[in-house]
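Chain IDs A, B, C and D follow the sequence of writing; residue 1 opens each chain.
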């Protein structure tokens, strides 16, 4: 079976890119389940219930997220109620929403999804390695097919979690840096791995933000109000091919879908 | 003309990979100048004069570096004397060595090289954007062909410097994360750009380090003595094709050279 | 001559404390010049022109600041025009306002004031040590009496700047942590030093913020809207006694003024 | 009953200060239990079994510690075996040693001690607030007299833990910054609180380190080998007076013991 995982959808440029090309990608790759990281869908900062619905309507089955998911307080009740929207599982007890779930494809295949957030250069969350131990175990009781979205900054932490879960999950893919890495491969234990899937939005930008504003920020070190860039939209994604019986990955293919402006 | 830029060479695994394949790569791509980041050549931590000579003997013309270049104090006099070894230019005045230079290919083409280090999640160095302004200006008085190795952690800072220098240098390539990115392209102003070239060393590892040790570190949060991994060596590099008259990039090609174990 | 330096004024609680007790403190200690750090005067986050005028009306002669001075964009023109309001001098060129000045007491004594910000655990500003070298030199051409407000987090960086400027300025006092230190003393070269003056505001709080909100933030790791606390107001300050001829400090006395609720 | 808590003992200067004055302090204040933070006793970096014994021989009853306790690997077996030596309790499971214990004074009074480490600007440990919840509960089953050493950098985190535990423990005192704060007081719920006790060692220094070396580090941003300073030794400590029946603090007195050179 095949999963399409789409990297952080950034603002209108990202949503338009999906609107224009997602159904084509699903057909071309014969995708069974579409997962997208939606933490930047609302003008680069967070998500709203309306935008989540828009993404579901475009063909996304499950949304994962990351540190920006808390940007809009009005989302919190929706996080509680919408089972197809995940936030990183390793926030302290009491955070709205959930970080893992099992979802069934239209062909009836159950897929476990786990969302985690890194700690290096980020917040003081619970240990993602130990939280993964517990939740992967729980998911494995329901299905051998498990996808982990590890939303993290440091390549070392992402690679280490990949090694740590190798053989226990179908795939560990990274998000958050908004730049796709060229290291997609299947680890010795059968887990597909890619440090970062990249982002879906304007490529002629600084990780999705208008480049003039990003440069101004680095030069001035003063607060700058960021705006999402518009030109040169791309979808950064990855297609994971997984053996349904064993949950082992048999293929991982990086996808770059470029839209003419 | 063509430059081969090789990402951080990590320990013996990285040096052996170059020993086995560098001359072949030079031939295959008809390379005029070979630049490699050598900050991790000495067992993952720093560089020595002997290892620098070893890398020059293997065909490297110029070595750049980064934050780890200070790991071995015995290197400091060599940094002062060896013009073909650069350290990031934006260290405070008084640091041993230099961060930029002009080097001439065997065909007589002068190439300016500038090494910078990022500040996001790293040290409090001088502003890499402003140091680049000054040193790019200086280099452009000698040659239009200029390569920048931006040794930095954050994708945002790297992308912003690429945009900032677009049209003023031939290429901005990143190092430090040890993972190659799949975003190599030519920016609108004619500058080749790639967020990170990746590393040259053992791929079956956590960014070059034995994976058991890296996982132990993340689990225990105690000091762990790191050792360089050995298996599954790769060379991560990029071939830059540059118009000699204008200095504009006309091609950028990511290179992954895999060695059978 | 005597300078009263008042630590970060936090919100209404801090302003009310000054309103109630500043004139008394000036009389009691026979103060020639009053300097206060105003970066948190506007509900804990930044400053406005109106609040600056309010503080001047209460008897403050010069306002210094720190990282929070940029919180309110509407202040920027005022920063440009009001010579008695300083922001840290080591922001990159182009930042609004200025970081040093010479002010004359009513008795006609010129006092140089320099505001700097630390980099450890803070932003990537210009080196405060080197900026101090240049600006202290400039101020010394006008007066031997020089006060430095070093707005910084790490005790090591603050102590090191104190040692570095010892004998060149009259006093180095720290701000930013909002907690007064008990290490006020005169260093061997004649410079008065105190790691942090503390804050002026509600003491029954977490550094000026309502304690329930601060605890909630540490427990949840989610965004929490902070509000300034009100109860148990104190003024944290220091009285510096300086020899007018030499600029050497002859006394440093910590001041804690407690208000009955 | 009275507890003397001594801030981070830094190198030989700190040990000599205790050797010369600890017994006098114990007598003067009629101390029942002496607790000292020993994380820097070994030349500024860590502790050894021999030095721990030296400190016990000088009159210290219990040693607490912090992030530097892991500097010397040879200490780890001793950490496991010596019940009177604590390391922060909120390291991940599997760390050598323990973070809390109950100790009995010579008069037979049981005192619970809990050592925690902060996370802001420090490592990604387990949540100190939640670990405190569990271990304070456990200690309270044995004694109402409980002392917490919170080894942390940020004043906000320290103040927040003080508020959080107010009324549940006898005292929360901070360590790690090596500078004593002047905010010792009894919180509304009866818990004695002080943000940082300061260090025991050379005051004519940068937090215990030779000042020339610390300044060199800030100027050069290169690795500098630190050495402990020697001159102007002080003991920074605090005397806690606690009601034995209720565990409530009835007094907190900051102590600065200066030794003539």
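FYI, a residue touches a chain if its C-beta (ideal position, glycine included) is under 8 Å from a C-beta of that chain, and two chains touch if they have at least 3 such contacts.
These numbers were taken from a predicted model, which means no experiment stands behind them.
Asks: Supply the minimal count of touching-chain steps required to go from chain A to chain D.
Replies: 1
Asks: Using the touch definition from the top, list the chains contacting both chain B and chain D.
Replies: For chain B paired with chain D, the chains in contact with each are A, C, in label order.
Asks: Specify, for the interface formed by the sequence copies chain B and chain C, whether it is same or different in terms of residue numbers shared by both sides, with half as the dividing line.
Replies: Answer same: the two copies use largely identical residue numbers here.
Asks: Looking at A-C and A-B, which one has the bigger number of contacting C-beta pairs?
Replies: If we tally the C-beta pairs in contact for A-C and A-B, the bigger total goes to A-B.
Asks: Averaging only over C-alpha atoms, locate the centres of chain A and chain B and give their separation in whole Å.
Replies: 29
Asks: How many angstrom lie between the centres of chain A and chain C, each centre taken as the mean Cα position?
Replies: Chain A and chain C have C-alpha centres separated by 44 Å.
Asks: If a residue has to touch 2 or more other chains to count, which residues of chain B qualify?
Replies: Expected reply: 92, 124-125, 127, 130, 219.
Asks: Inside the complex, what are the residues of chain A that reach chain D?
Replies: Chain A reaches chain D through residues 92, 119-120, 124-127, 130.
Asks: Any idea which chain B residues touch chain D in the complex?
Replies: Within the complex, chain B contacts chain D at residues 70-71, 73, 91-92, 94-95, 123-125, 219-223.
Asks: Tell me, which parts of chain A touch chain B in their complex?
Replies: The contact residues of chain A facing chain B are 121, 127, 129-130, 153-157, 159-161, 163-164, 177-183, 185, 188, 195-196, 198, 203-207, 209, 211, 214-215, 217-219, 254, 256.
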